[in-house]
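Common to both upcoming complexes is chain A, partnered first by chain B, then by chain C.
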Partner chain A sequence: MGTVRVFWLFFRVGVMNELQYRMNFVVQLLQSAITLGVALAVLALVYSHTDDLNGWSQSELLCVFGIQILMGGVIKAYIQPNMTRVIGEVRDGKLDYALTKPEDAQVLASVREVRIWQVVDVISGAVVLGFGLSGIVADLALLDAAAFAVALVLGAVMIYCFWLVIATGAFWIVNMWHAIELFDGVYLTGRFPVGIYPGWLRYSVTFLVPIAFAVTVPAEAVTSRLEWQTLVIAALFATVLFVGTRWFWRFGLKRYSGASA
Partner chain B sequence: MMSDYAVHVAALEKVFDVPEREAGLRAATKSLVRRKWRQVRAVHGISFDIAPGEIVGFLGPNGAGKTTTLKMLSGLLYPTGGEARVLGHVPSRRERAFLRRITLVMGNRNQLQWDLPALDSYELNRAIYRIPRDDFRPVRDELIELLDVGDLVRKPVRNLSLGERMKVEIVGALLHRPQVLFLDEPTIGLDVTMQKRIRSFVAEYNRRHGATVLLTSHYMADVQALCKRVIVIHHGRILFDGPLTGLAEQFAAYKTIGVALENGHGGLERYGEVIHRDGEWVTLRVPKAETPRVAAQLLADQAVLDLTIEDPPIEDVIELVFAQERPE
Partner chain C sequence: MTSVAAPVPADAPQGLELPEAGRLRSTVDFYLTTMRLAVQEQFQYRTANYFYMFGMVAEPVIYLVVWTTIAEQQGGSVQGLTVGYFAAYYIVWTLVRNMNIVFGAPFWEHRIREGELSGALLRPLHPLHFDVAFFAGWKVVVIVLWIPLAIGLSLVFDPVLDPRPLEIAVFFVAIWGAYLLRTMFQSTLGMLCFWTTRGAAIFDLWMTLELLLSGRLVPLPLMPDWVVTVSWFLPFQWAFFFPIEALVGDFTDAELARGLAFQLLWILIGLALFKLAWRFAIRRFSSVGN
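For the complex of A and B:
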């Protein structure tokens, strides 16, 4: 299990790195509090006018919020920092060092950074999710919980794939920073179940940027509205994406090796 | 036999496609739509072999193709043509067995964890290179001792000076005890003392472990101290491959005669161009073929206290080499 070992090693180093900057923890706490406050205010505002948003009650929507924040924490803790590092290193040539190591380049590129203070978002997301759940059902069915966990993992994999495509794009287009900002904006759409959006947007945030799979599908699981077919589609889509992006990454790497001076 | 060599390079080529446009907004807009490409031949069919344990200096001006060649040999770049083999491996396949036996050190970049003591990064490298703990410690401690960085490896890398950082960087790059070292400007930006330290380390490491070293440097002192053999590359072609001393023989058109006379130094101009006066000591530049005749003449005509004949400084020779466009 080479991959897991490398993952664990860099996790340790990442944690050691982050512990040097305790101030980051305070900043993160503040940032999470503001995000959460704004989100809850919006939610309160929406439900002061209606009791039902496209079939989702306030408590159910709280679950969506919670998952969006939680997944956002995972993205910012792991996926985004690693991928932005790749983009930066393609630019300044430091990726060379990763490529001269006797380890799979994709694995190495994906696990070298970790922002542990983002755990604040993961926890606050989980708490919001807990509140939401407490307003719906007495206790979560085991099957729903399992489906939720699976959907969450699949969603994270898809988001990772999306980011890897952006990072790999840096092999051709050196300046990929705009794409990063674009993602932050688009990710906000995940605060609401994708069903409320018009078709073109729904389609985009499902298949172009897989936010629907990362947030809405897990939310459907915990609110007992997930159909098993959706989970199967998610699994298939995640697999195809993973294989496809791995191929794309290798293709890009070849191009990097062919072009950098 | 090819496998007798640590490095084998035959007719190696690298062509880059580079986008090209004029300066200015209009050209920038145009290139958005239709981009012009230009082919740049960075390495132009070079061939050489390096025996195990050899230290070879790779010389050339900026953009000569040195780094491109080093990158092809360490598996970072795919050659456009020709053949490269390092320890019997084809580098561009990036096989783990190959990567475990080489190392690449680039003087202007660092790969250690910036905020952590180097020891933590070493531990990371130990794991990536899958070095058993029992083998790792003695190697690490030997390197730490050789480079005298015992105190430094416990400080966060960001707190180290440039030279200190380079030393701990080198330790990190050699923990897996590579058999082939590609050193790209390892002493760049360092002060003279630090350059010397790194130089003597490379020599000692090579002596102890028989590692093959391919080194590029702009500091001729590095090359003079370490490399019996140099490969001079310019415009992607090899201009010279041989002993450092042979370089002056082949390329320098003149020698310098240093002379001190008993009765002052008047009238020395007729023997050659006076390029330096330092008290009694006068340095003349004389065409190489003329040197024996001029020296004999001096000894016959003048009351000579001391006389030396030398090749011009290696920097001057290198400059001469690069001034020639094509060797043919």
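For the complex of A and C:
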């Protein structure tokens, strides 16, 4: 219960803080429009040379793009800002302020920042997904929609866990800044269904950086190609990751001695 | 009354201009020293540099896999470009992309906001010299660190690469041309930061044009004809497609020479634009920070 309350409190403060900077909304609109434009240009280019990419039609790939943009918005609104803040604070010694509060340190470290304008990406991703779905002949079954929602949440949890590992890594390696570039680069792989990648890369972006679970699996759900086993694996993997990263975070914390004092 | 000129002591320094005789030498010395410092500094951060490079490699690998998939579906080539060509194109891409990383426009915002520019202005040399020299030194580190990466990618993707000696020579000149070209245009764009702290969207727009018109996304021949036509009037392809294609494709000698000439032309245009923009921008500057 406490977790939800803390989350809600920080969320409200964060949103109020961000709403002061309305110009950021305009900038974000432009940037989202650019992201969208590039995605559509890539799609048009690919399908000007073929009708089918490894079994995915243009409309189906549009769904993948939409989910990738949507999930990217979630990551940039919530996960990434919190985790990069932890990385920065480990270096500056400011993490002590969070650790001395009478609340679970992991919860605090994960909810303090929110970039509400990134919601524009979430919405534009959803719109793209909608357009993609409208191009697919078969109707979206209720079961598929439910599987999509579950897969999306599981995917976000897994991405969060991945980022927490990176942030915890800052307890050992102080210079983790490039992790952001690394993640942004690797996240681009989500633009395409992981099936097209060679084996080593497919496994890397599934289990090492869980982008396949975050984007391809939800996309499989809405295009009616998801097998229930995949969803079970996703749920199991998310649980293992969540427990594992929580342990890793605590392990890292024990090692942390503060830098400010 | 006769006019009285101010008495000039015999041992006074001859004006405040820099002694022209030693100017070139000290500039060269500045470049070499700054480059050496950059090399020493960046070799300490090998892990960070590799993180950065790995993140960057994801992008061409994605393009490569997509176009390889399409080529294989169509019997081994797209518009005459083979799977081996795509592999070579996108592996060389990684080096050219690395050469394309310069003191970019967004960093000007940081430089102004944090008050670093005030210090830089006190130096007798334009800050652009420092940017060019420091990043050039960094490039040396990048090229060395890139080699294992290129070997790894080559083992995975089987590139077909069969350059003539002249093409190799032109390539090594062209990657530095690309570096200078992009430095000039990014710096010019950076001058916007003297007017606004919200240049991000404009920089993104510029990067997008670059992505589509430079050959970064796909080899230019795969683009629709009108895009190729437009790209001829813009600087982008000379910093990306040309260096890659010089090594990977089969340009004639004349085309190679023309490419280098275009690079030079756009570097000079970029420099002129920068100087013009700088004149207006620096007037607006009032120190921020300390």
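Annotations
In the analysis below, the second predicted complex is superposed on the first by the 253 of 261 C-alpha atoms of A that agree within 3 Å, B and C clash if a C-alpha of one lies under 4 Å from a C-alpha of the other, contacts with A are read in each partner's own complex, and residues count from 1 in each chain.
The criterion applied here is as follows: contacts are C-beta pairs under 8 Å (C-beta built on N, C-alpha and C of every residue); 3 or more make two chains touch, one makes a residue touch a chain.
Since the structure is predicted, the reported quantities are computational estimates derived from the model, not experimental observations.
Touched residues of chain A, counted separately for chain B and chain C, are more numerous for C. Legend: residue contacts after superposition of the two complexes on their common chain; A:93 is shown touching chain B, with no touch to chain C. By the touch criterion stated above, A:16 is placed in contact with chain B alone, chain C being left untouched.
Once the two complexes are laid over each other on the shared chain, residue contacts for A:181 go to chain C alone; chain B is not touched. For the contact definition in use here, the chain B contact set and the chain C contact set of chain A share no residue.
Interface residues of chain C, counted against chain A in their complex, comprise 45, 47-49, 51-52, 54-59, 61-62, 65-66, 69-70, 73-74, 78-79, 156, 198, 200-201, 204-205, 208, 211-212, 217-218, 222-224. Only residues 23, 26-27, 30-31, 34, 37-38, 41-42, 45-46, 48-50, 52-54, 173, 175, 177-179, 181-186, 188-189, 191-192, 196-198, 200-201 of chain A touch chain C when the two sit together in their complex.
By the touch criterion given at the top, residues 16-17, 42, 67-68, 71, 74-78, 92, 94, 96-97, 99-100, 102-104, 106, 109, 111, 113, 115-116, 120-121, 124, 127-130, 156 of chain B touch chain A in their complex. The part of chain A that touches chain B in the complex is made up of residues 5-6, 9-10, 13, 16-17, 20-21, 93-94, 96-97, 99-103, 254, 257-261.
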